[in-house]
Amino acid sequence: MKYLYYPGCSLKSSGKSYEESMLAVFKHLGIELQELNDWNCCGATNYMAINEQSAMSVTSRNLALAEEQGGSGEINLVAPCNACYMGLLKTKTYLENEQGLRDSVLQKLDSIGMKYEGRVKVRHPLDILVNDFGLDKLKMAVKKPLKDLNVVSYYGCQVVRPITAFDDASDPVYMDQIAMTLGATAVDWGMKVRCCGGSMTSTVSDVGLRLNYLLLKEAKRKKADIIITACPLCQFNLECFQDKISRKYGESVNIPVVFFPQLIGMALGLDKKELGLQRMFVQPQYL
Amino acid sequence: MSSTISNMPVLNIKREAELDKNFAKTIAKLAHGEQIYGCIQCGNCSSTCPLSPYMDYTPRKIIAMVKAGFREEVLTNKTIWLCASCYSCTVECPKGIKITDVMYALKREAIQNKIYPKRFTIPAMSKAFYDTVKSTGRSNEVALLMRYYMRTNIFSALSYVGVGLKLLKTGRLAIIEKQMKRKQDFKKMLKDSEN
Amino acid sequence: MSNNKEEIRIGVYICHCGHNIAGAVDVVGVAEYAAKLPNVVISKDYKYMCSDPGQELIAADIKEYNLNRIVVTSCSPLLHEKTFREATTKAGLNQYFMQMVNIRENVSWVNENFDDATEKSKDLVRAAVQRVAFQRALEKQKVPVNPNVLIVGGGIAGISAALTMANAGKKVYLVEKESTIGGHMAIFDKTFPTLDCAACILTPKMSSVKNHPNITLWTYSEVSNVEGFVGNYKVQVTRKPRYVIEDLCVGCMLCVEKCIFKEGKFPDEFNQGLSKRKPVYVPFPQATPLVAVIDDKTCIHFKTGKCTQTCKTACDRNAIDFDQKPEIKEIEVGTVLLTTGFQAFDAKKVPYYGYGKYPNVFTSLEVERMVNASGPTEGHVLTREGKAPKSVGIIHCVGSRDEKTHKWCSRVCCMYSLKLAHLIKEHTGADVYNFYIDMRTPGKGYEEFYDKLLHEDVHFIRGRVSEVTDWITSPEEEGKLIIRAEDTMIGMVRRIPVDMVVLAVGMEPRDDAQEIRKMFNISCSTEGFFLERHPKLAPVNTFTDGVFIAGACQGPRDIPDSVAQAGAAAAEALVLIDSGHVELEPNTAYIVDEICSGCKSCLNICPYKAITFDLEKNKSSINVALCKGCGTCVAACPSSAIKQNLFEDVEIFSEIKGIFVE
Amino acid sequence: MQEEVKNNNIQTAKAWKPKILAIFCNWCTYTASDLAGVSRLKYPATTRVVRIMCSGRLDPQFILTAFSEGADAILIGGCHPGDCHYATGNYKCLRRFHLIQKYMKQMNIEPERLRLEWISASEGKRLAEVIGEMTETITKLGQSKIKQQVANIEK
């Protein structure tokens, strides 16, 4: 199993441990990732607000690069960051459906000597793990089952929305299934896809912090030991502002928030450092 | 009491002449779809929206106002800027309206006409992001936040110093970003699309 | 042109159809154009050709101008061919000398460019003028109609239709898939808006069906094959084994009592799974026929072969027969009524409402059983914890008015939600919240019922619920289900904690609708309900003559409408039966002996085995009674010896040439 | 004079719009075209419908005649496989369709000019889409030259 890999900006900075742990886990499982050469920003959400055409052009350059580097036929491009994943997938889908948009974007690519034929399939690591690799195989690879660990899965918004390429848009279960495969208890909760506010923690912090407060409070009410996420921004918001939130609302909301490959890595018996766990603000005691 | 009554502003009446009859058409085009015409005002978008409690108008009202041509009210209010693009409204809309795309379209329209709320922080963040990517091809959180706080309130940055230091300590802040190789190509493409 | 070299005199009539055609096509221009075409004697345009004066205009012209061919340029032949054929006949001309041109459905309603549409109309008129010259006088075939009728589906529509037909003296076969008739109506407690007890008005009808000398009732049975055509259908019905001999069983329930399972163990379908039944059971006390049934998927005897068969020994009438096999019945009927009903939307398909995840989210059908005195809770509305709820939310439009599930309005949910709101309030005194998008109460006494509810202090919130969840934002929400919706009348999102949620699930086509559709050779509309011949003027007819539809298999509808439709379908069937015969289109194939080379390539092509080979003459021959007129053999004959009435090669070729050659 | 002829040619070239013969079976595709009408769906006025009872009645000669008389394209519409009103007529149609395709290849006729679609009575929207697509394709492809070629041979 070999895939092209689009890290995106966050996985090189605040979400560094997402990249570290995913690379380590995938390597351990025999899934090969080859980083896309010379990638650029995915366009993300803020970009669309200024100039959509430009945002989609920027994104399509990555798709074109994937075709340049991925050989012939269908190309699987893995994008772990939810925003990148959604941005790439949305651009790809819109280009397929809207001729006018397609023409203008292709023209822009052409001006820098690139082309895009529509051969790229945008994939999320969750999709790869469950549908390509398989939970049965994952189960066999588990060395240290995560007994008595209550896990809540926080999917965030942009992994199953607006285009649901895998799992369910309002009640996704892939991360829960992975947690169960690792021997942990998947705690069901109603806020799996309830938005963390994205960059609102910086822009309108009152609002951003409140959204995260509600999420953390509910996780604690459901007696979760740990929250797992699949998005660098969700993870950042949920983990890095816990002190601020606790102070603001006068109640402790401290709970470890890790990326799902970090959880997998622990069950596989990988080294803490390899998984970037030393980078976490709140150390998961259990692990 | 009587004096306040005589000074009451006119709030709840709109004359047809004050409406922009082409507004719906413009937005439908910008927002990838005619679906907005099919809105049945069920309010599912407002209900599912995590940000609607903080909005001036609920998303449902925005759609109604777009359809009716309340251009000014729609473009100057905070609702469209509070949209965090979580797409929850879009996937749940029973009429298939791409509400998030409508919000994007309204943001662009507001920026283009320079009528967004001036002191509001979110447009500033969007612009900062845009500029960062434009100059480097990738987003860099340090550069992005620098740009952002320069535009808004430099002092508010102080309240994030704690978080910043922790990030630095755990190696999660990339001060020197690995640069793109074909940056010139990238800039050229962007320049084209801005024309 | 034709054989006897008669002079062809054509009259062309262009219909305005009010503005429908005239608004998009230059009708006067087309009429003027047609006037110049060869053989055309007269060409006219008129406001409404299908009106009496329009038809009389044609008849008068036939006489005055001695016309022998007519081209009517108006709407679809599927709609008005019959009308204009009759008009032609009235003037003494054979009806098959009339040809229709469809410039409404095929032109004016679909083409926007005025000039293009006019051009297209001229092409089509020219083609018809060329074709009609070759058309021949034909006679319809008369075929007798078998007076027996088959009704498929024993819900309220099927029951009503069966009684009407039987009372009119016709022999009725009523086939029902389940082990009892009654359908969905039997599940309901009360019916809106009058709050009649459903069982009280339905049960007498069910027993009338059972006891009617003209009705043969086959429950636990399915139609397995259909052959033939209008007036003469051969139908095969498979009677599934119920392992209880129907004629011997009196429904004493002794077998159920003595079953080796002391308690019910399997979900009771009739009670929507809210109670448990045994492998041998009677679905409900008023089941018709009142005969036990053994479910071979759960019965120990069938699963292991090691049961002491206590049920069998208990039955002093020896009615239990474990060796029963499926039984095939062959019947002949002239008409068929399909009253197969609907199925309720599966609430699990909208996970955001939590059905199957939160125990206290119920479907409306479950609550119907709960409020019923003979239901699983003996008429008490209870949460799964067995407590009376203090607050209940009813969510409308679940699986309706939603592009991701079903686009249509299910028509009955607003009314039954009001009914359930009233009953829940009456039974528990709880705070009841109705979450609706639009309140739809069009019907006699329906709006008045809504008004009654408004005065009963039931809460109404206009807004589609986005989510039923258990995450909380304040302590008083602890342990409750939270319903979140925008109160669109106020413009604020509301979070309402409740003890019980009722999902007003919509109506959808049954899973087996496609199977039935294929068997009876009818069509479904886009959403999957059976397609009527015309939405307004032939709502119970289908495109297959002799097959009629009624009730919710045609689209969502309530009990009064289903009963009314059943009456209409019965009347249509009676018309066919009482006229004694049907006239079939003469579009059958025939063989010109002189040309047939005896190559036999047509023999295997006919799906109806209508073609046989005459060894003596060394030629094929067609049995007209069996031919259905598809024309497949015509196109297959290498020497063009097979012809088809109404669709002769020369007719089609001249039509094609007419389109392109000016 | 020369100039005028030239102008005329340009005129006709500009005004040219494809003419497509549509052969529809009575039960499915013709009913679908009625439904498209009743639903007021819009599609280009390029088709001319000839109704036959079953797509199994399709005679390859219909196609060849239409091409040689000036059809730019031909659309055949029948019931979906398994749904034929006469059990299997549409399969027979499909067989003949393949034959005609082969023949067209030999004759150097662009394959896009012949299309077979299964369109059921409820698929009015699909019908409108197909006609739209086909019109677009044929417009790009240009006017059929078969009529001219046939005329030349006959000369």
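For reference, chains read A, B, C and D in written order, and residue numbers begin at 1 within each chain.
By our rule, a residue touches a chain if its C-beta (ideal position, glycine included) is under 8 Å from a C-beta of that chain, and two chains touch if they have at least 3 such contacts.
On a predicted model such as this, the values are computed, not experimentally measured, just so you know.
Across the two interfaces under comparison, A-B and B-C, the one joined by more C-beta contacts turns out to be A-B.
Put simply, the chain closest to the centre of the protein, by Cα centroids, is C. Between chain A and chain B the centroid-to-centroid distance comes to 23 Å (mean Cα coordinates, whole Å). If each chain is reduced to the centroid of its CA atoms, chain B and chain C end up 49 Å from each other.
Chain contacts: chain C has residues 352, 467 touching two or more partner chains. Shown for chain A are the residues in touch with two or more other chains, namely 170, 194. Shared contact sites, meaning residues of chain B that touch two or more other chains, fall at 92.
Taken together, the chains touch in the following pairs: A-B, A-C, B-C, C-D. Taken together, the chain C residues at the contact with chain A in this complex read 351-352, 357, 467, 469-473. The residues of chain B lying in touch with chain A in their complex are 30, 32, 50-51, 54, 82, 84-88, 90-92, 98, 100, 104-105, 107-108, 111, 121-127, 129-130, 133, 137-141, 145, 148, 159-160, 162-163, 166-167, 170-174, 177-178, 180-182, 185-186, 188-190, 192-194. Chain A meets chain B in the complex at residues 9-10, 12-17, 37-41, 43-54, 57-58, 61, 86, 94, 98, 104, 108-109, 111-114, 157-158, 160-162, 164, 169-170, 193-195, 197-200, 202-205, 207, 211, 240-241, 243-244, 278-281. Taken in their complex, chain C has these residues touching chain B: 352, 397, 401-404, 437-438, 462-467, 484-488, 491-493.
By the touch criterion given at the top, residues 76-79, 102, 104-107, 109-113, 116-117, 119-120, 123-124, 127, 518, 521, 523-526, 531, 535, 543-544, 587, 605, 607-608, 628-632, 634-636, 644, 647, 649, 652-653, 655-657, 659-661 of chain C touch chain D in their complex.
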